[in-house]
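The same chain A turns up in both complexes below, where it pairs with chain B and then with chain C.
Up next, the complex of A and B:
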């Protein structure tokens, strides 16, 4: 758990505070129902133990000046003051509610569609920022609502934005690599089981491996094109495996200039889109010819990505050299398409 | 245009005489000394016009010498195509200018003749689209004997290369043109009197049906012509259901003298499904328990109130469209009972969503799981994994023997 050291630092600061009692009464704010924090109470037991020795009984903590913290943690403690009077004290667990929620946010951030969870946490956290406007302490007024995620270490490049909550999934990566040696394609086709070579049709060996499921075109000049991988790392791994096969066949193959040439992603908006209206309003970027192709071809200028938009709401993004370009293009098109949601 | 019987230059005696035009008057000039051998020996435009014979502008000026023969041929084809399609004369000029501009581009300049032929059609199509003249790609491809793939590739290329702004095909105009081409408006040996229909009524009803189809997501993303065929078929049947109810779609197309596009069958079914759901909202139709044949009789009534019925019959996307008044609520419940009878899918008392048909069908495959994020791409590759892809020496020998024996057989396929 990455949150532990941060929590300890925070608690250490609390210990050093002298002026504690004055602010406690102002922190009471009954905006958010107590129940919304209960779902995190199940995680409390594991986190409770490291806090016990360093923590005084809940009453002391509640009177701590928490203005330097982000707003949810503040509210966590205000809820604690609320619960003091109530039987069945679960106020102890409130302080642990925040880190566990951070943890769950982290886990959910790392992949997949998380619209529901994100909106839940958003709706859970937003009233807190409203509630905090009543706090008199000066430091609080400057901090608006800033996400808990800034306090804790995150996975790099979280693709989920505040806007859409949908993450395009990569479907295909095309990459090239230079093996830097002349190859005898006939020999490769003879000695490798997974290769096919038909010089009359195409001047390259088509080789396939099972894990990761990819195909490579190997040319006699030593250049190779690798397609079919679902992520950049898998594409690199697959290209290395192909190079190793060629090496084992007796050629002095190297692995130079590995470069990703194209990335294809797809996602689902889950609502139907009026393609005719979109073609009309974004005429300079769209090409919609129902006689030729059922989808609308949208050529975005920045980033330079081509999107295929279909009436069912499914979107295919292609032409990217970086993963971030696909995410950026999707975030650009999402508000445009949302505008066409209502028929 | 070199005439027969060349003479020698009287000055230097050389036989190299070049025909050169000087201010549209043809002259025979010696290539060596430049002496003008003869003027107006061959027919000139002046002489022609003097003899009351018309000479075209393009032949009287030197403009065709600057243009290559292939391009001249293409420009002629553009003009011919415009005339065949009976387009206004202004279209011809525009189409010719597009062809000339397109011809400058290296990609199209060096293309094969087949592609240049298709380019002719593309220029005409762009011109028609910009003037809102409803011309379909299918028509042009039929006229040019071109295949649609090549046409589509060239069309998209030319739009991108010339940076053209091509408006969409206007569906209303296409309906009018398409319906006007039907041969149902006069009695003839093949068309009996009961099948003859008034053109205005048919066109207006087809238009209404096409509007209904586009409101209910049946037109977006689909080829427009089959939708219009289906709408025309239903409109024609509904105008005189007594005698026409039994006429099938293929028979209708034969009568009308148009080709039957294959997707039209599906469009008819989809339109009828929409109409049936709308019929469930009308009190006096609910009790009749309509099916796909009998609903045709009531298409006129349904189309009159199509906006309201469509809104009532379906909920808009995700939200539930609840009817405020009592009769409407009853209508929905009773409508849903008809729905249950017909579809047996919807839960009772919730109107189905108005979605394109592709969203209503269940997905064929489950969505694939995303890739494992822990792979770095630099993992070790075990030897055994690579060796599974290599043939053993014994296998190689067997394979070679098999290949050799296959090649020995005459007419064997090429080894892979």
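Up next, the complex of A and C:
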């Protein structure tokens, strides 16, 4: 049948998205759309462009059997994505779960291959629409959200709260990845350009690349630690570049289990803070020994983040595995620190 | 009048370079800053600082010698953390505070390491057993000497340290009234410690005449103990000063000892010039009285406890 090759192509595309989605879905937060999603949505755009009749079938969809979904969800959906949510993350998930299926149908159709099927014939439509309705469901939770971000503004939106207005900037991301092959460190050190290897001091090769400016520790077991990137995508990109360098040196390097281990963010409250009072009032969470370290170490329980708070008002947040944790921690500490502002 | 004197902090930078012209290193200026951060007036008296320096120095030298003896008993070549912990075993509260300090040091280096990328690599270079190194040493040692189990129970025990609490409250009260500039100065003073000036501290201690010398962690602990001694002195001196202030309706005013009144009288005479400023700063007389009271074993059993005191010196820090 004619739909077969299209179906295969569509499935391939879904599998690619799956690969990205499964690794980066944990990064997703409906509150803040990430730059990473710009890449994937732009991917979709590039795939969509060769297929011209992309905009029309959105109206043709009325012929598709969507009676299981109420009509207003279609419009509601667009409003929801534009008004970026508050910390009612679960609520958003719920609401967006259903219409995302519709949306995914819309977007995938406009993005792609299915539009041709629609224009083909109605008989071809139904099996494919069934395929569509079943296919997106496994990806529903993850790639189903991808199409939504193409409608959201391309600038990162600050989380809406009671006037915090400050967004912590990510300073460093530490990630690990498994190259899944034994490596000859001496060979790598000799042949690679920016590599140092001092087996007497430390049993790993230290490699640096300039773009993005990162450093990697590569161990003979094939495991690698990548530090210095300023965002999740950059960390992943850098890790891939390191893996490619190793690959080019002749090792069968793969890219397994990429995981972000730690994220560090910083921001400035722009007012001085009375650390003594904070240490006294929040004793169970704070440790303040100015003889040892000029900042107060605040151990937030939920989310589990460590904040270093300085007299000048600068705050460093560390220990996060996801960006949302940093934002959440900052939103939690902001009203507390405002209360201890040094007049 | 004291307020017009240049800030001790700014003077430290200029004078420490000119130090060493025959006279051994002196921490008088740093001590003035430290005392300010611990609760003294904004410009602590120089005489008080000199006296405090003298006391701390003497106590530390004595402590070092006792630690050297313990070390010899052990048969070790250097004085290490274990020896100092052994000397402190009698006073659980102070020991607990020291342990908390050590753990905090480990914790802080762990966190800062995660933030600074260069530090991360540096740490990878050094042995990975650096994490919680001090904590491990402390725990292992206490485990070995603990006969009754009360030392190890300290680790689980989560009581609030009263003295630490009092110091925090005092600092909070002090900073409440400050404006931004004064507060910045206060914070700078608080950050000053003996461990920051490690090399100067080592020269000041002058261990060259000793056979057994302390290692790095032992020096850290000694710096901490020196700071603790200063803190204790200020605590006690403030208490004494509070006692000295004549309170109407104080039932014990008739029971004050003669020496006490003598101190009080001398304070009165010098108070003729600028009573306002003088009453704020801690006087050397307060310090001496505090030492006297601390060393003096008061109580019904005191005549019989002389065997308890080893060298005739009671340490403030342990």
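Throughout what follows, the second predicted complex is superposed on the first by the 180 of 343 C-alpha atoms of A that agree within 3 Å, B and C clash if a C-alpha of one lies under 4 Å from a C-alpha of the other, contacts with A are read in each partner's own complex, and residues count from 1 in each chain.
FYI, contacts are C-beta pairs under 8 Å (C-beta built on N, C-alpha and C of every residue); 3 or more make two chains touch, one makes a residue touch a chain.
Source: prediction; values computed, not measured.
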| item | value |
| --- | --- |
| Clash or fit (per the criteria above) of chain B with chain C on chain A | clash |
| First, second, both or neither for A:308, with chain B first and chain C second | second |
| Which of chain B and chain C A:245 touches, first, second, both or neither | first |
| Contacts of A:294 with chain B and chain C, given as first, second, both or neither | both |
| Touched partner set for A:194, first chain B, second chain C, both or neither | first |
| Touched partner set for A:276, first chain B, second chain C, both or neither | both |
| Per-residue touch tally on chain A - higher for chain B or for chain C | B |
| Partner chain in contact with A:336 - chain B first, chain C second, else both or neither | neither |
| First (chain B), second (chain C), both or neither touched by A:180 | neither |
| Which superposed partner A:209 touches (first chain B, second chain C, both, neither) | first |
| Chain B versus chain C as contact partner of A:217, first or second or both or neither | second |
| Residue range of chain C overlapping chain B upon superposition on chain A, of 115-123, 151-159 or 241-249 | 151-159 |
| Footprint overlap on chain A, comparing chain B with chain C | 272, 274-276, 279-280, 283, 287, 289-294, 311, 342-343 |
| Residues of chain A that touch chain B when the two form their complex | 110-112, 169-170, 189-194, 196-198, 200, 209, 211, 230-237, 240-241, 244-245, 248-249, 271-272, 274-276, 279-280, 283-284, 287-295, 310-313, 341-343 |
| Residues of chain C touching chain A in the complex | 37, 101, 104-105, 107-108, 111-112, 114-115, 117, 120-121, 124-125, 160, 168-169, 171-172, 174-176, 178-180, 183-184, 187, 190-193, 195-196, 227 |
| Residue ranges of chain B touching chain A (in the complex, touch as defined) | 136-138, 148, 152, 155-156, 159, 165, 168-169, 214-215, 217, 219-224, 316-318, 354-356, 358-359, 368, 370-371, 373, 375-379, 381, 385-391, 395-396, 399-400, 414, 416 |
| Chain C-touching residues of chain A, taken from the complex the two chains share | 171-172, 174, 201-202, 204, 206, 215, 217, 227-228, 262, 264, 272, 274-277, 279-280, 283, 287, 289-294, 297, 306, 308, 311, 316, 318-319, 342-343 |
